[in-house]
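Going in written order, the chains are labelled A, B and C, and every chain counts its residues from 1.
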Amino acid sequence: MNLFQLVNEVREKNPLVHNITNVVVTNFTANGLLAIGASPVMAYAREETANMARISGALVLNIGTLSETEVESMILAGKAANEKGIPVVFDPVGAGATPFRTEMSSKILKEVKISIIRGNAAEVAVITGEKWEIKGVDAGSGDGSIVELAKKAAGLFGCTVVITGKDDVITDGVTTHIVENGHELLTKVTGTGCLLSSVIAAFAALEKDSVEAAGTAVSAYGIAAEKAAATTADKGPGSFQIEFLDQLSKISKEDEAFAKIKTTKE
Amino acid sequence: MNLFQLVNEVREKNPLVHNITNVVVTNFTANGLLAIGASPVMAYAREETANMARISGALVLNIGTLSETEVESMILAGKAANEKGIPVVFDPVGAGATPFRTEMSSKILKEVKISIIRGNAAEVAVITGEKWEIKGVDAGSGDGSIVELAKKAAGLFGCTVVITGKDDVITDGVTTHIVENGHELLTKVTGTGCLLSSVIAAFAALEKDSVEAAGTAVSAYGIAAEKAAATTADKGPGSFQIEFLDQLSKISKEDEAFAKIKTTKE
Amino acid sequence: MNLFQLVNEVREKNPLVHNITNVVVTNFTANGLLAIGASPVMAYAREETANMARISGALVLNIGTLSETEVESMILAGKAANEKGIPVVFDPVGAGATPFRTEMSSKILKEVKISIIRGNAAEVAVITGEKWEIKGVDAGSGDGSIVELAKKAAGLFGCTVVITGKDDVITDGVTTHIVENGHELLTKVTGTGCLLSSVIAAFAALEKDSVEAAGTAVSAYGIAAEKAAATTADKGPGSFQIEFLDQLSKISKEDEAFAKIKTTKE
């Protein structure tokens, strides 16, 4: 299969992605989803999250600025999505930075069947119960193998795990993609990890195979970043952010030529 | 009267626009209002919304990411504005997408005297009780006449109704403007409808005739979009968004030459 | 000491700045902090704000869209920061615009030991109990001397006070800096005052002397604005905003040559 065909499908079918996400990235997430051709919707109230999730193609749960009320909403939405077989992407932003985030992550993972987890190594380590150093919401450095960590998490939660960093690892424990696309400037714009989680959700809305959906999304996203950096890296993160949205709006199956994906199977 | 004179007046008098709006668009709304020369303020707490509304030139109630608490704040602010004769613009984002949004829209419309409603056809149909297809917060397609729908809503709520889409309809049931300004790229940037509601509020703060205020705002807004698209359409939605803010900051009464407004009276 | 050395230190040491701020500016604040090299984190929940404050280099309390719940979180975070000697920057956005904001400002100032207050003249006047005219969240005009006002506030709260406006005043009552850097376009982009408060916090995380930290931050910030305006002033506030982020990412100790700081000591 031409995986990047999925990029064109998202643009043609405009899957509705329901985001319960943090207040820092809502605008950027909505604009990024629009740029790739998806339809974003944000809805947080307990009274409506389950209903909104049911009419969506995918659901994103992002704990970046969560409150206890919001966790309730996430669980209601997550259970509703589970009942209808709608994929749920979980982004454990800053898990480990405070006990509250770690506990709420566990609670969500216990109550909701997650399809795809996307985080940095430190966050995934925390929710998996592995030792890793963390500082705020940025990834710390660790000494374990990131691929091993991703596989362990995938086994523990029975889902696909995406660990982003210098290289990105996508695995369900059987198929593993290492994606070498992307650019360091992504770390200089807030919410690029959060937006990626939502882009993965848009792809997962149309492709049942989570590893393939996530692998394609991560690679396409990285290619857009590379193209944006090519013309803005010397200008700065403001210009990069805008050019990145522009490039996301142009990414297509033709860009598969730039994909750097190494796949192994067990 | 030279309607576009109002564009210059907004820039000279900097009307204070109080927005109780959704978390996705707050930043873009504030920057857009600043660009046209208005003074934005956001205030959500029950303890202060009425007081803030009283010192404002106009109030915007936008339900894009509402919670039950926020609805209370909206009603308190709305009633305070009503008592002082301050115009209230209502944006029923995603009404119909969930029962909660539909119910909360009804509640607000029952408790607060609205001056201007701004939505897409699907949203206005829902609050008016007409059948229309809806998908998330995007407008669905319908088979009824949009002008008829707008007039029906205007009659039902006794206010001016703005339905935006390919063409925009502004009517109070007597005077009807059809505005053909605007650009498709507006649909690729999140919050352009929400910002328009707030821009209409800024104009309504200075012009008592709601149909004229809204008609001028919609046309001027569309002209800024056309100018922005002229230089950024081939770049993408990121560049368009920034250029659009730039163009909003330059719009003036001279731009009336570009206005495409057809007016009918009954 | 070469004060602008601090600009380089921020970029090297990436201090973690915990922001409890308003929903309008979260994204811009995070991107601005990333641009100068700091690590932003936003956390609002009562359950975690104290923990997050304890691991941060500085804490920012900004009341731009506060609720009563958020004030509780601010006080919990503020007390935790106080216990560990972590500097706390307070931004009383719109104090005076409503009684609620004025009362909550007083409450925060009573419960938390603030290191640096940053506001416009009207806001600082309100919290200091001086008469000043205010309109929304914009600064009104007053007839008192701004330097005197800043010194009075510094004496009353026993901290450093930064009043921004055409010129900026930074004083602890003994050392006073008048900074003439900056550009009027900063008033056309929402959140530039809020972001400055957070940038001051990043500098205060590394420099114990609050007047020096704030003076350097204010000057460096103003220089970035001047550079951004040099190429975007005729384009508009959209372009300025992006170029400003770019320039913040390039500011360095070499820019001390552009600093316009007048210092007096008593």
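Convention: a residue touches a chain if its C-beta (ideal position, glycine included) is under 8 Å from a C-beta of that chain, and two chains touch if they have at least 3 such contacts.
Chain by chain, the UniProt names read as follows: A, B, C = Hydroxyethylthiazole kinase.
Being a predicted model, the structure only gives us computed values, none of them experimental.
Colleague: Can you work out the rotation angle that lays chain B (Hydroxyethylthiazole kinase) over chain C (Hydroxyethylthiazole kinase) using Cα coordinates, in steps of 5 degrees?
Modeller: The rotation relating chain B (Hydroxyethylthiazole kinase) to chain C (Hydroxyethylthiazole kinase) comes to 120 degrees.
Colleague: Chain A (Hydroxyethylthiazole kinase)-chain C (Hydroxyethylthiazole kinase) contact: same residues or different, taking over half shared as same?
Modeller: Result for this pair: different.
Colleague: For chain A (Hydroxyethylthiazole kinase) versus chain C (Hydroxyethylthiazole kinase), what separation do you get between their C-alpha means, in angstrom?
Modeller: Centre separation, chain A (Hydroxyethylthiazole kinase) to chain C (Hydroxyethylthiazole kinase): 33 Å.
Colleague: Identify all positions of chain B (Hydroxyethylthiazole kinase) at which a residue touches two or more other chains, and write them in rising order.
Modeller: In chain B (Hydroxyethylthiazole kinase), the residues touching two or more other chains are 23, 26-27, 241-242.
Colleague: For chain B (Hydroxyethylthiazole kinase), which residues are in contact with chain C (Hydroxyethylthiazole kinase) within the complex?
Modeller: 16, 23, 26-27, 30-31, 34-35, 39-45, 47-48, 51-52, 55-56, 241-250
Colleague: Can you list the residues on chain B (Hydroxyethylthiazole kinase) that touch chain A (Hydroxyethylthiazole kinase) in the complex?
Modeller: Counting only chain B (Hydroxyethylthiazole kinase), the residues touching chain A (Hydroxyethylthiazole kinase) are 22-28, 64-68, 94, 97-101, 135-138, 187-191, 235-239, 241-242.
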